[in-house]
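The following pair of complexes shares a single chain, chain A, combined with chain B in the former and chain C in the latter.
So, the complex of A and B:
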């Protein structure tokens, strides 16, 4: 192992981290909105809403992400005149936006199932209690259902975020120079696959470790009711005032 | 040249790409299946290490599953593709063969998939092993079964039964991961669609066909895994 080479590789690859995180977080944030919509569609009980959402989830979970990326990046080029007429071509011409678009659509499918699971795990007596207090509609959702569902869904959502960080590597196939893209370029230039692989893998592990820790911190922060109460020594003098 | 209709394009006629797409879909299934089986072997060994190993083996097994589940699959495929040919090149130069020696893309792909899915399958097997009741293992030991016999007669059948849903999930992952093998040039479904899209300038038509074929494979395999699950669970009392 050539450690000087590995150090140089590390500093080259670290340049791809902002793009990796940018792709991951943009698509997770946009995907969460779409996922919420899909989950509500599935739980609406209206067949005309439920059915398309189900089909969407089936299609996007059943096909490889790379196929989805190619379909959007290369495939939509077939409709270039139409897209130009609609003014969308500037969007679909850019590999960055194609990658974000594909990753968003993909994560929305997985995340909608996670959110649906969280919403369905809300105990019904909580909802009944809230209704008895006179809450309904959006207030009930905002104060009771959503906060409980978020706590239920957070661990699964955390692993989905990790999966998305890993999935951004596929953007390298459509010329995005994030960590994997830089690593592939470096490997094909130097033919030192093992060293580059070790460094790139290490970067991903560090990123994922930090993200896991952040999610764990959020979980901890959201669950004060599950924590042991801090033992407070009773102040003796206060009783004698 | 007159524009071909979609069905002429992906059909089985003289200008159709139907057969090559189907062959490529077969290649996708073949490479995914080989990778999945390789992953089962790796997964079994790693799960064994996690359950029965000493502290060092357990640490290695835990490290393996953590690392392989934390880095992108594409990176592993690049490692095997470039690293494999570099290693072969080094061996070749020992025997006086200079220059680049390519590793067969199928073997690279199957190996990379096996290594990655092995990490997932190890967790599936470990989870399933923990469901097997301790009493059964003690009973097997008390009637004098030796380790291998006990594994074959008592542990393996039950672990497989409980592992089927998890293995189904892993299989879906493997199937989708096999699309990444296209970067090494193996002519599987996505690569073939890429080639066809390039030579006909109809990318959307071919990628959507590939997507439909992938969906079809996913759908059939979900059905098969469900059948296997109900079959393996016959005669079991369910809670619900």
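So, the complex of A and C:
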């Protein structure tokens, strides 16, 4: 192990972190919107909505992300005239948007199931209590169902975010120079695979360490009822009464 | 691997004599030679040098040449496919003993591995659509050596730079072409790196990139596909310097005996016209190294 080389490698690979985070957070944000929609379709009780959502989740959870990226990037590249006619080619021409598109579709499938799980785990008596207080419709959802569901879904959703940070490494196969892409390029120049991949792994560890801390902080903030109550010093004068 | 029984002692005698004639300091003797298997790695995605044929078998110029060289060295060879971007680290990690994958001999690579050969010269060029303004690239049909005619070669490169300004060019990562693009074209054109030549060909056909910079023989292979009938090979063929000194067999530095054996086998194959014959078979042009 050559530590001077590893330090240089670290500073080279850090250059890919903005793109890695950009891909991860853009697709997680867009994916969350799509996931919410899918979860509501699944729970709507309307077959015409439920079935397409089920099929979507089945397809995107059941196929490897790498295959999805290849299909979206190289596969759709074969249909350029059609896409041009529809005005979609400017979007699919760019490897960045193809990567975001593939990652978004993929995370939406997983996240929709996480959200559905969270929503279904909301205790019915809480809903009944809310109805008894006169809440219904969107107000009930916003004040009672959604906050409880988020609390329950967050640990699993946190894992999904971490998985997405790691999944961005697959974007390197469609010419995106994020951390893994830069690592592969560096290896091709130096032929020192071990050092470069160790450093690349370290960078993902650091990123995910920070992300897990943030998610833990949010969990703590969202669940005051699980925290130990602050210990109250017994008031001295109470003893005299 | 035991000697097939039907070949008998005559074959053994020939083998022993053959080795003696090689005058080799090969570490293995006549008896051990029958046991010796050399594992050769190729990429399997670089037609017509080496590619995976319709039946899933490895085929191409280098597969034929490797079999010929192994016969000359009186060793048994096993040819395996390995992704290009990990092909050198896996050699040094002893996953196989030699690389025959259209790899150019460069000073950069020589820091890590050694080469036998060259067994082929490596002309270069750009693949562009016929309808593109790039099809009129200056220097087409001309050849320059960066090592020996630096001034003339750099003038030709400047002429190319003027034409490719603002365009997007695809190269295969970890290649001499990627290094060349990094050094001479970066900043002038946008460079995108691909894992395989097939990937950048697909993106050229999809119109995501304006040109591909690659080995001329590989481009000729691409041009034979019906999808590429409206494409053309243009630009000067620049070799030498960081573009390397021809294509050779990559070997570990400590395997000097194997290097010697390969060098002798390659010299014999070049001399008796086997390399020329195989080159014409696969590339339609003779790219055997001039001795």
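Convention: the second predicted complex is superposed on the first by the 231 of 241 C-alpha atoms of A that agree within 3 Å, B and C clash if a C-alpha of one lies under 4 Å from a C-alpha of the other, contacts with A are read in each partner's own complex, and residues count from 1 in each chain.
Methods note: a contact is a pair of C-beta atoms (placed from the backbone, for glycine too) under 8 Å apart; a residue touches a chain by one contact, two chains touch by 3 or more.
Remember, predicted model here, so these are calculated numbers, not experimental data.
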Chain B and chain C placed together on chain A: clash or fit? clash
*May I ask you to decide whether A:193 touches chain B, chain C, both, or neither, giving the answer as first, second, both or neither?*
both
Would you check which partner chain A:86 touches, where first means chain B only, second means chain C only, and both and neither mean what they say? neither
Message: Taking the superposition on A as described, I'd like to know which of chain B and chain C A:220 touches: first, second, both or neither.
response: neither
Max touched-residue count on chain A (chain B vs chain C) belongs to chain B
### Task
For A:51, select first, second, both or neither according to whether it touches chain B, chain C, the two together, or no partner.
neither
Ask   = Which partner does A:180 contact after superposing on A: first (chain B), second (chain C), both, neither?
value = first
Note to self: After the superposition on A, what does A:66 contact: first (chain B), second (chain C), both or neither?
What the structure shows: first
Overlap of chain B and chain C contacts on chain A, residues 74, 77-78, 173, 184, 187-188, 191-193
Seen from chain A, its contact residues with chain C in the complex are 74, 77-78, 80, 93, 95, 173, 175, 177, 181, 184-185, 187-189, 191-193
Within the complex, chain A is touched by chain B residues 66-67, 70-76, 78-79, 81-83, 86, 172, 175-180, 182-183, 190, 193-194, 197, 201-205, 207-208, 210-211, 214-215, 218-219
So, in the complex, the side of chain A touching chain B is made of residues 58-59, 62-68, 70-71, 74-79, 162, 166-170, 172-173, 180, 183-184, 187-188, 191-194, 197, 200-201, 204-205, 208-209
Chain C contacts chain A in the complex at 85-86, 88-89, 92, 108-109, 112-113, 173-174, 178-179, 192-195, 199, 202-203, 205-208
